[in-house]
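Each in structure tokens, the structures are laid out below.
After this come two complexes, each holding subunit A, first together with subunit B and then together with subunit C.
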Partner chain A sequence: MISLAGRDILHSWSKFVLTGIGLGLLIGVTLTMAGVYRGMVDDAKALLNNSGADIWVVQQGTQGPYAESSNLRDDVYRALLTQPGVSRAANVTYLTMQVRVGNTDVRAMVVGFEPGQPGEPGYLVAGRQITRSHYEAVADMKTGFQLGDTLRIRRHDYRVVGLTRRMVSSGGDPMVFIPLKDAQEAQFLKDNDAILNERARTIANPVLNRPGVPGLLDAILASQNANHNVNAVLVQIASNIDPEHVASEIRRWKHLQAFTRAQLEDILVSKLIATSAKQIGMFLVILSIVSAAIVAFIIYTMTLGKIREIAVLKLIGTRNRTIAGMILQQAMGLGVIGFMVGKTAATVWAPFFPKFVLLEQGDTVRGFIVVMFICALASTLAIRVALRVDPATAIGG
Partner chain B sequence: MKPGRLFTRKLGLGLFAAILVGGFGWVVARSGPLSPIQVTTLRVEAGSLSPAIFGIGTVEARRSYLIGPTAAGRVKAVHVDVGEMVKGGQLLAEIDPVDLDERLRSAEAAYARAASAVSAAEAQCKDARARRQLAELNAQRYRDLGGKHFVSASAVEGKQQELDAAQALVEVSEASLQGARQEQLRLKADQDGIREQRGNLRLLASRDGLVISRDAEPGSTVIAGQAILRLVEPDSLWVKARLDQGRSRGLAVGQAAEIVLRSNVSTPLPGKVARIEPVSDSVTEERIALIAFEHIPKGLSLGEMTEVTVKTGAAQSGLIVPNAAIKQMPRGSGVWTLKEGKLSLTPVKLGNTSLDGSVQILDGLAAGDEVLVHSDRELSEGARIQVVNQLVGKPK
Partner chain C sequence: MKGFGIHIEGLRKRYGEGNAAVDALKDVNMTVAPGEVVGLIGPSGSGKSTLLKCLGAVIEPTAGRMTLGDEVIFEDGWKIPDLRALRRDRIGFVFQAPYLIPFLDVIDNVALLPMLAGKPNGEARNRANELLEALDVGHRAKAQPSQLSGGEQQRVAIARALANQPPVILADEPTAPLDSERALSVVRILNDMAQQFRTAIIVVTHDEKIIPTFKRVYHIRDGQTHEEKGLGAGKSEF
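Coming up: the complex of A and B.
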């Protein structure tokens, strides 16, 4: 038995293939949109993975270093190390800023970390980790920096000694890792004009600038420029202990807020990126509906274009099942071509997006099922029309 | 439809299907979880590294002097300004003496009067001695006459009594002369004391030095101990460097150091560790070392920021790996090793590190082991990997 669908496709294969490719590009856009959403969630998860922590300890009453600002004293980690179950604890600071390189600047999240402690980039794609306690940086490839580049943060120049990949903030900004002490200074140090103004303000205050106490003013001025704050303490715990137990002990006895990984992931996904994720999700839903409608109409109009041929088939006594099978097979074939073109196109153009686009395997499978289902559904419309065709139309009746 | 055309169509469609399936297969294989993790590897080799530590510091003076009065007073004059070199003993500033000059004059007058009193006492002394001499002669004469019974015994005793009285008078006058001289000495000392106080209001340079600040101007009132001028010895400038405690192993006095001034980044200056403070900064967790210049550069400014690199030991040989290969875990350090195509995380013991990123491996690896250095994703046991020469940049 010859394949009716195959013969029909061969008859007008260029039309069929072009329709398939067009449909594929539409499916590709839909898959990419899903990838954008997944990428946002993955950015948030990458942020948590890369810090390598089990528990995040932040200022009491705040929701973590990423969703809200949090300030802690940098000696808090010593108290946390004494807690049972805690194996490592390290200070970390986060500051999103424009990092200057030459005449341009790059938006980046500057992370201050202690080398060899949690918060250090877990793997590098080039170069080495930081060895000096000042003025070296490890940058993400997305910043566009090369090894040996000099970048400027506030008033100091940093040399890029290592490169990372997929080290991003929850907003997708690439990270730049610098030593903690430099980051503390960068975060809280004001510009020179502000420092001079502040000094003048202090000198003008008669309570602080007293003639009878010669050393007082110097001491106050010196204390104004010192900073011992960090944004969070990253805690790693011994392997056989429940993180929630350690976190609750920290909350109870150290009077600090502590989040386990699951809690922080929840904060990031359900609070920090919630609005933009919903925005994308809404768009994705509309795009899916539009795609489904277009697929249905394409198959419908394809069938309508073949009304005459179908009438001839009917006239020569072809069974309805065979005609329905032909239309269904064509629709499915269109779906398969469309899906494959779409998936390939989405994979090819995904790396060119400024933010990370994650094409999940699960999404691909779901996408395939949905495409096939829509094609089948759309073909039923066409089949209904085809079956109602009067064989007389074949001879112009 | 001709069979030839049908064949062409079949071929075209087949070609399209082949391209599509091929592209799709490439996409599935190259992206997503099925794709291998790209890594770079390195054979562990014996090598040598020079341990060194890096810190930042500020230029400070080893010896600085605060010049100020020892008692409260008003500044009368300041003779030098910031930036001037002064010699030891040079007059730098003066404090208003208020009534000290008058008190000195009064002391001088009192001293002169005491000198007169001494002269008077000396004259009295002379007079008393003369009287005693006369009384002695008289007494002698009467004793002789009394022995020959020319005069009565009572007359002799009378003259003897006169002699005793004259002798007592001599002693009194001598004592009062001595008292007058002591009074003169006391007044002399008083006068010297006031002169010393007067001199103390003249602030002199204790050493040759450079004036770095002028903190009070004539007319202002200063309290005891408050500085009017600050001096430093320009040949005693050194760098107070702060070094990370965690890396300060092996730091010792006398080690060679390299000093980079912020004002002259391109020319590192040689120096050496002159002192290591016995007390670390417990708040910033830094050790404090003082680095002396081999030759103090001209125009060095105090408080200038510097970067200091101290070589903390001779080159050490052993197995060396780059620090990008080291994975820090709660249990300790480890490296990913590749044995017969299988990945495993091997715990290692680390030794010294150098500033260029080499780490000495004390235990856990053998020469010739293949370790993973860079990877484009987080590695895990059993992950598929693909070894490449480099992950970013142009191929070398």
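Coming up: the complex of A and C.
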């Protein structure tokens, strides 16, 4: 038996291909939206993986260094090292800010870390790790920085000595790694005017500046200018130890909040990017409806243009299921063309997106199934019209 | 096929009910023998199309009897359960316009019917080729319908009507869009095909040019048929 749908598509292939391209671009946008969501999830996982930690210790009552702000004293790690099962612990700071290079600035997450400790960038694609105590930086390639570039962070300049990749925040901002002391200063230290202002206020306060207590004022001023805060302590545990057990011990005895990897992943995926995911989900639903409407309209219009032929086909004995199959196959054909165009378009334009777009094989398969389902659904309107055609209309009178 | 090509007795068709009822066909009697071509003429609204639709098993007559070959297909109701198969296998249609399927090439337009009847593609195409050759359009077998002239398209439509070797062909003003020469050519082909394949052919027409070519003509008026013999018998080139 001849494939009526195939012949019709070949006969008017230009119309099909052009329509398929239009539909394909829409499908491409849909696949890209799914890829944006996957990219966000992957960014979150990359953030956790790249930190090299098994447990994140943060300020009590907060949800970690990424979802909420957290302040800890920078000597907490020492107490954590005494905890059974903990093999390494290191301070880190995280600060999302605009990092200037020349006259431009780039939004980045500045990470303060201690070289050789958890939190250090896992691998470099160019240059070297930070070896000096101050004013050196390692940047993710997505910042666009080059080796030797000079960055401005707050009051100091940093030289890029190494480049890394896939080191991003949960929001997709590339990371810039600098020494911990510099990062603490960048995040917690006030500017000179504020320090002078604060000093004047303290001197003017008779409670803090008592004439009969020598050394008190100096001690208070030193305390105000000192900076001993960090955002989190990254903990690595010895092998064969249950992370949840160690985390619960830290929560119980150190009065700190401790998250295992699974718990922090849950916070990142189901809380931090949940709103964005719902936003993308809404877009996906709308795009699916628009795609279905377009396919339905196109197939319906094409069917209306063939009413006489369908009447003749019915008159000469073509079964309803053959005619319905023809329309269904055309809708599916349109879907296949559209999906191929969409997949190609999404693959081509994904690397140009500012944030990571992850096109997963599974999403491609699911997307294809959804497109085919939508096309089948959209063809029902045209099929209803075709099946209602009276074969008698082929005969005049 | 034995006996009649098609035989109709007392066929009636009523549209609507009660006071709104209209008798489109009141008492239609007609016999067309295998190999015979008869004309069916009548003014607009006389019931020609209704009769054609009844004969084509597209609408159901109200009463009467229709025999196709030696089988009664209608007698106060259809006697054939699958009217679609009846139309496909035992009735050929030729329309005023050829109504070829535009996305099938010429040979597949003809081969489609045997294929729908379950014949293998090769066998169906061989049959189509034979018919196209017989109708002198074999050289256009691979052409698209839009590439054919009006006369060629009508010959392909005739080939399609013959594809399943039906005992009867219903032709609805097949020469209407054609000039005199081509119209006469189409009628000549119908006569040849009727003879060659022993098919009974009913040609509904208004075309004055071709009416004299029929040996028998049925005149339908107010839903009743009257046979008019000798309208053109022996006078035409046929």
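FYI, the second predicted complex is superposed on the first by the 362 of 397 C-alpha atoms of A that agree within 3 Å, B and C clash if a C-alpha of one lies under 4 Å from a C-alpha of the other, contacts with A are read in each partner's own complex, and residues count from 1 in each chain.
We take it that a contact is a pair of C-beta atoms (placed from the backbone, for glycine too) under 8 Å apart; a residue touches a chain by one contact, two chains touch by 3 or more.
In this text, all values refer to a predicted model and were calculated from it rather than measured experimentally.
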{"item": "Which of subunit B and subunit C A:224 touches, first, second, both or neither", "value": "neither"}
{"item": "Dominant toucher of subunit A (residue count), subunit B or subunit C", "value": "B"}
{"item": "First, second, both or neither for A:150, with subunit B first and subunit C second", "value": "neither"}
{"item": "Touched partner set for A:122, first subunit B, second subunit C, both or neither", "value": "first"}
{"item": "Partner chain in contact with A:181 - subunit B first, subunit C second, else both or neither", "value": "first"}
{"item": "First, second, both or neither for A:62, with subunit B first and subunit C second", "value": "neither"}
{"item": "Partner chain(s) touched by A:380 [first = subunit B, second = subunit C, both, neither]", "value": "neither"}
{"item": "First (subunit B), second (subunit C), both or neither touched by A:209", "value": "neither"}
{"item": "Subunit B versus subunit C as contact partner of A:308, first or second or both or neither", "value": "second"}
{"item": "Overlapping contact positions on subunit A, where the subunit C interface meets the subunit B interface", "value": "10-11"}
{"item": "Contact set on subunit A toward subunit B in their complex", "value": "9-11, 13, 17, 49, 75, 87-88, 116-118, 120, 122-129, 131-135, 141, 146-147, 161-163, 165-166, 181, 212, 214, 228, 236-239, 337, 340-341, 343-344, 347-348, 359-361"}
{"item": "Contact set on subunit C toward subunit A in their complex", "value": "48-50, 52-53, 56, 58-59, 84-85, 87-89, 93, 95-96, 99, 101-104, 108, 111-113, 115-117, 121, 144, 160, 172-173"}
{"item": "Residue numbers on subunit B that touch subunit A, as the complex places them", "value": "1, 6, 9-10, 12-13, 16, 20-21, 23-24, 26-27, 30-33, 54-56, 223, 226-227, 243-244, 246-247, 283-284, 307, 322-324, 326-328, 330-331, 353-357, 373-379, 390-393"}
{"item": "Residue ranges of subunit A in contact with subunit C within the complex", "value": "1-2, 4, 7-8, 10-12, 308-309, 312-319, 322, 390-392, 394-397"}
